[in-house]
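Below is one structure, written out as structure tokens; the observations come after it.
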């Protein structure tokens, strides 16, 4: 079929360990394209990539577009707000209409869990889930895995803590799945109201206190507090969240010296992360953004699969 | 001048029978580009296509952009809502400003009848009418003609019924003009309030009852009920429209077995068309979308006219 | 570093006379690209240009995009309104995130004076100020200088009047700086409420009456009255502005026969400029738009600086 042996990238849950490694290895070979003098390879010339975002996200959309353009694919960007296609039209009809224009890949973000999966079943094009509800955000997890491996040399055996609103975070969910598959030990941390009901079934430990949670960890992944997504009753105020659960210099004293700090962005400075930490020497937040382009190049390339891996111009 | 002998494509009314056939034949040769492994020909490399939509339309805009990109043209997409160009500026000034940047084609959709014609008189670039008010939508009619010819082998002598709000539909108007030129026999059908005053002068028959209207027809073209465009007093409710004028399995019993069902999209399922019919074996709705890209490639190619027809790389 | 010896183009204030001349000369060699049959050179192939507009501006954004595409650069267009990147994120964070995707140029428009300068200090990419608050709009001034030189053969020694709301106009400010550097004599004109406090320190003369102001001038540059930007109390009404300060046929009687009329667009017809004047033989308004693409090609090319000047394919 293609180099990924999947038509779509819908979630980390679907991927074998070998596939995850293939994506990370491929991304490694693509990373240098973005620092070349000519930041472009002809690999996907004549391929069409549609980005269709039902929720706004400049960061992820731009990263996918940049990835597609650096592979010489054509990109068309649709947003639900500007889309009359959506008026009175079912999601499946929209998908079938896009398919009828013969794109190679449809990158979709949707507020409903499972929307990309539904679309994937009705189109021949490869579908990339760029975030569906509170379910999965696989390209984010893959770029996080890539960044961890790049900084730490490995993932297996590492101790990782994910901090914040775990129960409403697709980033957390995809990362937990990916980190567990790659053999990392995962702890989650945050207010009890933000922890999933059955954390044990995810194979993670729960430690509420942030100081205790960061102890002995190799990777400290802090999530964005998404005021727009959750109800307001999960914690009393931003100030209280910052005081009790924010990651700042005081919390970091309890962490290992070589722990890396990650965040999917955009950072709410002074809420979940203090500026001191976000801009500190252990922060790899901007590396994550850089690696995002490389990982998405790998995803597009492997899904379209015109060439053999390693055969990058 | 170019292969079309017109600077612009403003309406089906302007086109000779030979020109329509030239466009359909050219589209036929472009259709296979979109199913190639490399979906791109260098035909319009170095040409600039501006899409300027004063009314939102993801479907048509995406189709034109896809067509332009598959011909290797550069595309720039403007929308009136994001456009400060429009603030306090006349339509002609906007057009002259766009012209000053030397585009080759301006694709425009506007809520006012005649807006593309006005622009066409003030610019050197080719102007493509992508829908003006309730006047014309020529690329839609051309892709419909293409689809009919593809499915039926011919257009001349066919019996076609167009069903819905004929008097407010630019799709109906362009199709009636095109079908009549190509020698089809056209019937229109729908509530009396939605029929044009002088149907006879258009060379069409009027049959209100849908069951009678579909009888003996080769092509059943159902229009979208555009709630946003018309007043609400043309029919009492959507439910009543669906019951009395919707095309469903019961209506289709009166049609020929090999009649094809067309719809310009997006479909209001359960209103003008039942799902049973929209998804049924006689439906060619998604073929219309696919053919739309090919027909728009032909339009752009012929208007720019850098190469002789047939000389597609 | 590159051919401009600057990483960024932030304002005319920063540019030496030699640099301005280099940009204008380079633009001259690029101007013919836009009238070629194939309007494209491979000069910036594999380079990425991000346009990021916090204020809407189709005209300037389209001009930059057209310029980038005609140089074969990849373009990605962001707007603040559609940007979740901006939510709860500082301008510097946004800039660093964009940088992490390795663009070559970031073109930015922002309502705050100094925003592009702030960004420029935090990114490796070249930053082009496409208008910041009431401070500068350097690419507009450069295209104006280009147009003056093209029409008049020189700039040194010319008499130029800039008319309108000088104190709130970044176009006026950039032009005054550029014209003075190039050796032109500059007069400003308009209601006293719209004149800057210390006009003399800018090296310009103030003449309120428009008929007196246009006398003996080689260039009459009329600014757009920006109702959206200023308070309403600078003049009683548009009608009164038009009557006392609008440039119309009556005012033009006092001007030299070979004076050229300029305007940055979009024109408020009948307010700051009558149609008679805007469309008259002395108007070079549309030449400004055409030259804008060439000047922006030169800016992008010189900032990226992959090739030696003159070595345009």
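To keep things simple, chains are lettered A, B and C as they appear, and every chain counts its residues starting from 1.
Definition applied: a contact is a pair of C-beta atoms (placed from the backbone, for glycine too) under 8 Å apart; a residue touches a chain by one contact, two chains touch by 3 or more.
Model, not experiment: these values are computed from the prediction.
The copies chain A and chain B differ by a rotation of 120 degrees on their C-alpha atoms, rounded to the nearest 5. In a homomeric contact, the two copies may use the same or different surfaces; for chain A and chain C, under half of the interface residue numbers are shared, pointing to different surfaces. Per-chain CA centroids place chain A at a distance of 40 Å from chain C.
Within chain C, contacts with two or more other chains are made by no residue at all.
Of all residues in chain B, those touching chain C in their complex are 45-48, 50, 74, 76, 78, 82-90, 93-94, 96-102, 104, 306.
Those residues of chain C that touch chain B in the complex are listed here as 34-40, 56-59, 62-63, 65-66, 69-70, 79, 228, 265-269, 286-287, 289-290, 292-293.
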